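In structure tokens below, several structures.
Two complexes come next, and they have one chain in common, subunit A, joined by subunit B in the first and subunit C in the second.
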Partner chain A sequence: MTGLDLETFLRIDLPGGLSAMLACLACGVLGNFLVLRKQSLMGDALSHAVLPGLVAGFLVSGSRSTGPMMLGAIAAALLATVLIQAARRLARLESGAAMGVVFSILFALGLVMLEQSHARDVDLDVDCVLSGQLETILWLAASGWGSLADPAALAELPRQLVALAGMNLAVALFVAIFWRALKLTSFDPDFATALGFRAHRFELVLMLLIAAACVAAFEAVGSILVIAMLICPAATARLLTDRYGVQMALAAGISAATG
Partner chain B sequence: MGAHDAAEIPEALGSFLAALSLGLGFNATVVVIGTTLLGLAAGAVGAFMLLRKRALMSDALSHATLPGVALAFLLGVALETDPRALPLLLAGATATSVLGVLAVQGITRASRIREDAAIGIVLSVFFGFGVVLLSYIQALPQGGQAGLKTFILGQTAAMRVPDAELIGAVALCALLVCALLYHPFRLVCFDADYGRVVGLPVTLVDLALMGLIVVVTVIGLKAVGLIMVVALVIVPAAAARFWTERMARFVPLSALFGGVAGWIGAARSASLPRLPAGAVIVLVAGVVFVLSFLFAPARGVLADAWRRLRLRLVTVRDHFLRAAFEQLEAAGTGAAGSFALADIAEDRGWSARHAGWIARWMAARGFAAHLPDGRMHLTPTGREAAQRVTRAHRLWEQLLLVQGAGRIGQAHRSADLVEHVLSPAMVAALEAELAARGATAQPMPPAPERSRQP
Partner chain C sequence: MTPRDTSAPPVELAAARETAALPALAVRHLTVAYHESPVLWDVSWTTPAAGLIAIVGPNGAGKSTLIRASLGLVPKVSGQALFFGQPLSAVRARVGYLPQRSSVDWDFPASALDVVCMGRYRLHGWIGPLGRRHREAARAALAEVGMADYADRQIGQLSGGQQQRVFLARALAQDADLYLMDEPFAGVDAATERTIIEVLRILARAGKAVVAVHHDLATAPDYFDHVLILNGRLVGAGPMDSVFTPENLQRAYGGRLALLDQAIEAAARAAAGRRDAQA
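Moving on to the complex of A and B:
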């Protein structure tokens, strides 16, 4: 491998590939809980529900830079998650209907905000959520393998990559710490509640984590892929095993390999 | 709300009202009527889908229409006809959405992947394919995808009269089918297994329902776009669910909500072309949903909270009265005697503060009164009520004991829960039941010997 090739690899291919892998890994792991809870469509719901947050982020900051828009998106995703849980519990809607109601209304709200604001005139790039911006994740400070150990160069690592790595760490910690609780509440929330476990509150925390992971992944790989990666690895693993631990490991492996 | 603030609003309001009364010129009127019919049909079909727990099926469906639209466009280009002709595009949309439904059903039937996951898989794969096709079309010389993008977000303003007529006519047909198949649909929604037993072709009925949802989704594409047609199916039904527990009212109400959303939304965006119609329609439906969620008397949140509060108040009242009655009974002073609030608080496990609130409330309701020496006594109304609730409690206890409940503690706990909802008719039934078992229901059964509750 020549020096130039290595540089291109480190600058362009590595960050993109790594981001995709990390995004898929986080989604693949969290997707297990969604599939087991029959809430697979959470990714789809969130991908629509972030629109008002994107527009609000743009309006507040007045710039097209992705930072504030992503903050808005995270806020909107968290709001949508809380609303969906509220609709399920207070309105006693089944989870599919609750998601449908919340995401479609939020999406419509986002569209109206978009059309009513100046955002329309500058052609706000909503597609950045739809298909992601993998090709823009670059690590221009890299010059060779040595950069991997160079703090100055590492500080220039693409923000998306850092966010995704942090997200993965958070997901891994969460799953490791609450493994038993996750198992219990995914299979039988009523039994968990009967044991004195606050299944609803725990579920809300899980959903908020999923919302944050989804938004981080939207930016990198786009919503369509996130929707797919939340479901497909878990569903594939479900076909291959009946054991929970095996299922998790399989799903993680499948998703990382795909990414 | 930038440019059109000051001068345009009254005019816009005027044309909004004119459009509501369908006086906005022929074209707009046709579009508004078409969209209203679409809303009615979507609301009616959505009602059945919600009960069948398939609300998000429309989501998979609508996303699955995108590759169909794109393929139909490509076909139109290849055949050198107008590639943007609505019937052609809708036919393509129908084809791929039917394929999508079949794929979801195939996946759920052939493997143990559940329906929600299957919907997600189909949705992302089909939509992803559609997006790829769209970006391919954009590179074509035939003017790009400008016309096609409206299928994602919808654009009533771009709807021409023939389009609106087509949409309205199809929606009307869908409504008719809903009315004709109301009974089989109802049976399948509530108890598909029972339907199978009585000889209903459940698979066929389900297929008809799926057909209807395909039809509604496809005609909704042009008006509200593929993302928000989902809302048109789910939101009115979810809103109507708060108002009634009866199917015969639920379906028409859902249709009505959908129709109102379609009507107001389309009229609003006809008068203000900058507002995307689909979004306005969905937001109108959203307002209806939120209002229903809060204020509907049958299942609304406020009504629910009020009912719960009332039950809690009744419970506290009964507990206070019975505790007072038992204090007086134990003291042997008769019903007119006085008792100390502190004893009641101890008996019920209430804090002094909590007991103070309850005592004040009981005094305000006229069940009890404070005496000058700091003790309390029951008013005649309170005595009567205390007697009634204590008797209900003890009759229930007695019945459980006669029936062989293990320990008095169990019977007491059960009676504690039940005493608040025992109507006079049920007390009479209790007496009869006790008599049948050889126990007499005394005017006031004695309190059974019991150790203190843990």
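Moving on to the complex of A and C:
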């Protein structure tokens, strides 16, 4: 590999490829719990419902930095989850219908906010949300393998990549710490509640984490692929194994590989 | 779990004995409604401290609802449930639960041992790998229901009766003093039914209380010593011989007579059996 090729690889190919892989990995691991809970549609619902939160976060902060948009998205996801629960209980809707109603309303609200604000001018457009902008994730400070150990160059790492790395760390910690709790609440939430574990509150935390992972992954791969990555690796793994641990590992492997 | 203080003074021992004699479950003025139509209406009921206790009644009588509302799994409109004289949150470790088999997805990627281990989660804590002691306890519970050879089998590959035994083993693994069981005999084969009733009798002999929703009126008098007859409201409650009467069953079930005749015959048979045993 010549010097120029290496530089191109580090500046353009590596950050993009790595971002795609990390985005898929976080979604693929969390998607396991949606598939095992028979709530696959929830990924679709959450990834649509966060749009008004994203726009609100952008309008309040005036920038596309990850922090405010992530906060807005998590707030919107919280609202969506609570609304879906309420629709199921109060209007006696089955869960699929409740999700459908809530996410289409929130998504429409987000679109209206997007059109009515000036956000359109600043490249927060629908294309970006739908298909992602992997080509914009660049590490221009890289000059060679040495850059990987150079603090100054590392500080210039694209923010999307950093956000995705942080997201993966959070997901890994969450799954490792709550390994058994996730298994029990996915299999038998009533039994978990009878044991004194707050299964419903725990499910809410899981849904917020999924929403955060969706947002972190949006910019890299777009919402369409995010929904696919929440479901496909887990569903594929489910066909290949009957063991909980193997299921998790397979889904992670499949999603990283496809990423 | 708190370690037992072996040097406890006699006063506390007496107190502990008194606690043991408290009713395992007492519900007071319990009313539960689904979407504004009441399922349970003002039920007050006290179980003995130990023994095998059946809840019977027609479909929709609120039998499962009584158990689920007591455990806080469905909201109560009014009323309360006390376990050993205390609210559930204070004595959770003493209360075991066996949900209806149909309430979970048996295709879930877990082995029989995985599921039984869930019964130990509260004793072990929610975080960190399950200790060897708890895994051994789970294996022992599987062995107790005759499922030791199936520990590593995926639960979806088990028969209905075997799945029910796995659920029973999970409840046993909780090592509780009161077990609430939602239809433990539903849809099981004859061998499993025998295994389950043997396990329940062992529990009763060990001074535990088992409250079970039971559908089969013909076997109820054989299997249980106490009964609660429900039909939305409380129809009758107390010792099997005095409460499981044609009048009470007629009131609970209305006109379904073929069923009732069998039940009444069974009650007479069981009562005669008990008299013989005493004589």
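What we mean here is this: the second predicted complex is superposed on the first by the 214 of 259 C-alpha atoms of A that agree within 3 Å, B and C clash if a C-alpha of one lies under 4 Å from a C-alpha of the other, contacts with A are read in each partner's own complex, and residues count from 1 in each chain.
As a working rule, contacts are C-beta pairs under 8 Å (C-beta built on N, C-alpha and C of every residue); 3 or more make two chains touch, one makes a residue touch a chain.
Values in this document were obtained by computation on a predicted structure and should not be read as measured data.
Asker: Should the superposition on subunit A be reported as showing a clash between subunit B and subunit C, or a fit?
Answerer: Aligned on subunit A, subunit C clashes with subunit B.
Asker: So, A:35: does it touch subunit B (first), subunit C (second), both, or neither?
Answerer: After superposition on chain A, A:35 lies in contact with subunit B alone.
Asker: On the A-aligned overlay, A:92 touches which partner chain: subunit B = first, subunit C = second, or both, or neither?
Answerer: both
Asker: Between subunit B and subunit C, whom does A:191 touch in the aligned arrangement: first, second, both, or neither?
Answerer: So A:191 only meets subunit C here.
Asker: Which partner chains sit in contact with A:172 here, subunit B, subunit C, both or neither? Use first/second/both/neither.
Answerer: Touch partners of A:172: none, neither subunit B nor subunit C.
Asker: More residues of subunit A are touched by which partner: subunit B or subunit C?
Answerer: On the superposition, B touches more of the residues of subunit A.
Asker: Can A:180 be said to touch subunit B (first), subunit C (second), both, or neither?
Answerer: Only subunit C is touched by A:180; subunit B is not.
Asker: Taking the superposition on A as described, I'd like to know which of subunit B and subunit C A:79 touches: first, second, both or neither.
Answerer: In the superposed model, A:79 contacts neither subunit B nor subunit C.
Asker: Of the two partner chains, subunit B (first) and subunit C (second), which one does A:101 touch, if any: first, second, both, or neither?
Answerer: In the superposed model, A:101 contacts subunit B only, not subunit C.
Asker: Between subunit B and subunit C, whom does A:48 touch in the aligned arrangement: first, second, both, or neither?
Answerer: first
Asker: Once the two structures are superposed, pull the subunit A residues common to the subunit B and subunit C interfaces.
Answerer: 38, 92, 238
Asker: For a test of understanding, state which residues of subunit B touch subunit A in their complex under the given definition.
Answerer: 1-2, 50, 53-56, 58-59, 111-114, 116-117, 119-121, 123-125, 127-128, 131, 153, 227-228, 230-231, 233-235, 237-238, 241-242, 274-276, 278-283, 285-286, 289, 293, 299, 301, 304
Asker: Touching subunit C in the complex: which residues of subunit A?
Answerer: Touch residues, subunit A against subunit C: 36, 38, 92, 177-181, 183-184, 186-188, 190-197, 238, 241-244, 246-247.
Asker: Could you list, by residue number, the parts of subunit A that touch subunit B in their complex?
Answerer: The contact residues of subunit A facing subunit B are 35, 38-41, 43-44, 48, 90-94, 96-97, 99-101, 104-105, 107-109, 111-112, 115-118, 130-131, 224-225, 227-228, 230-232, 234-235, 238-239.
Asker: Which residues of subunit C touch subunit A in the complex?
Answerer: It comes out as residues 35, 68, 71-73, 89, 92, 95, 97, 99, 103-105, 108-111, 114-115, 118, 121-122, 126-127, 129-130, 154, 156-157, 170.
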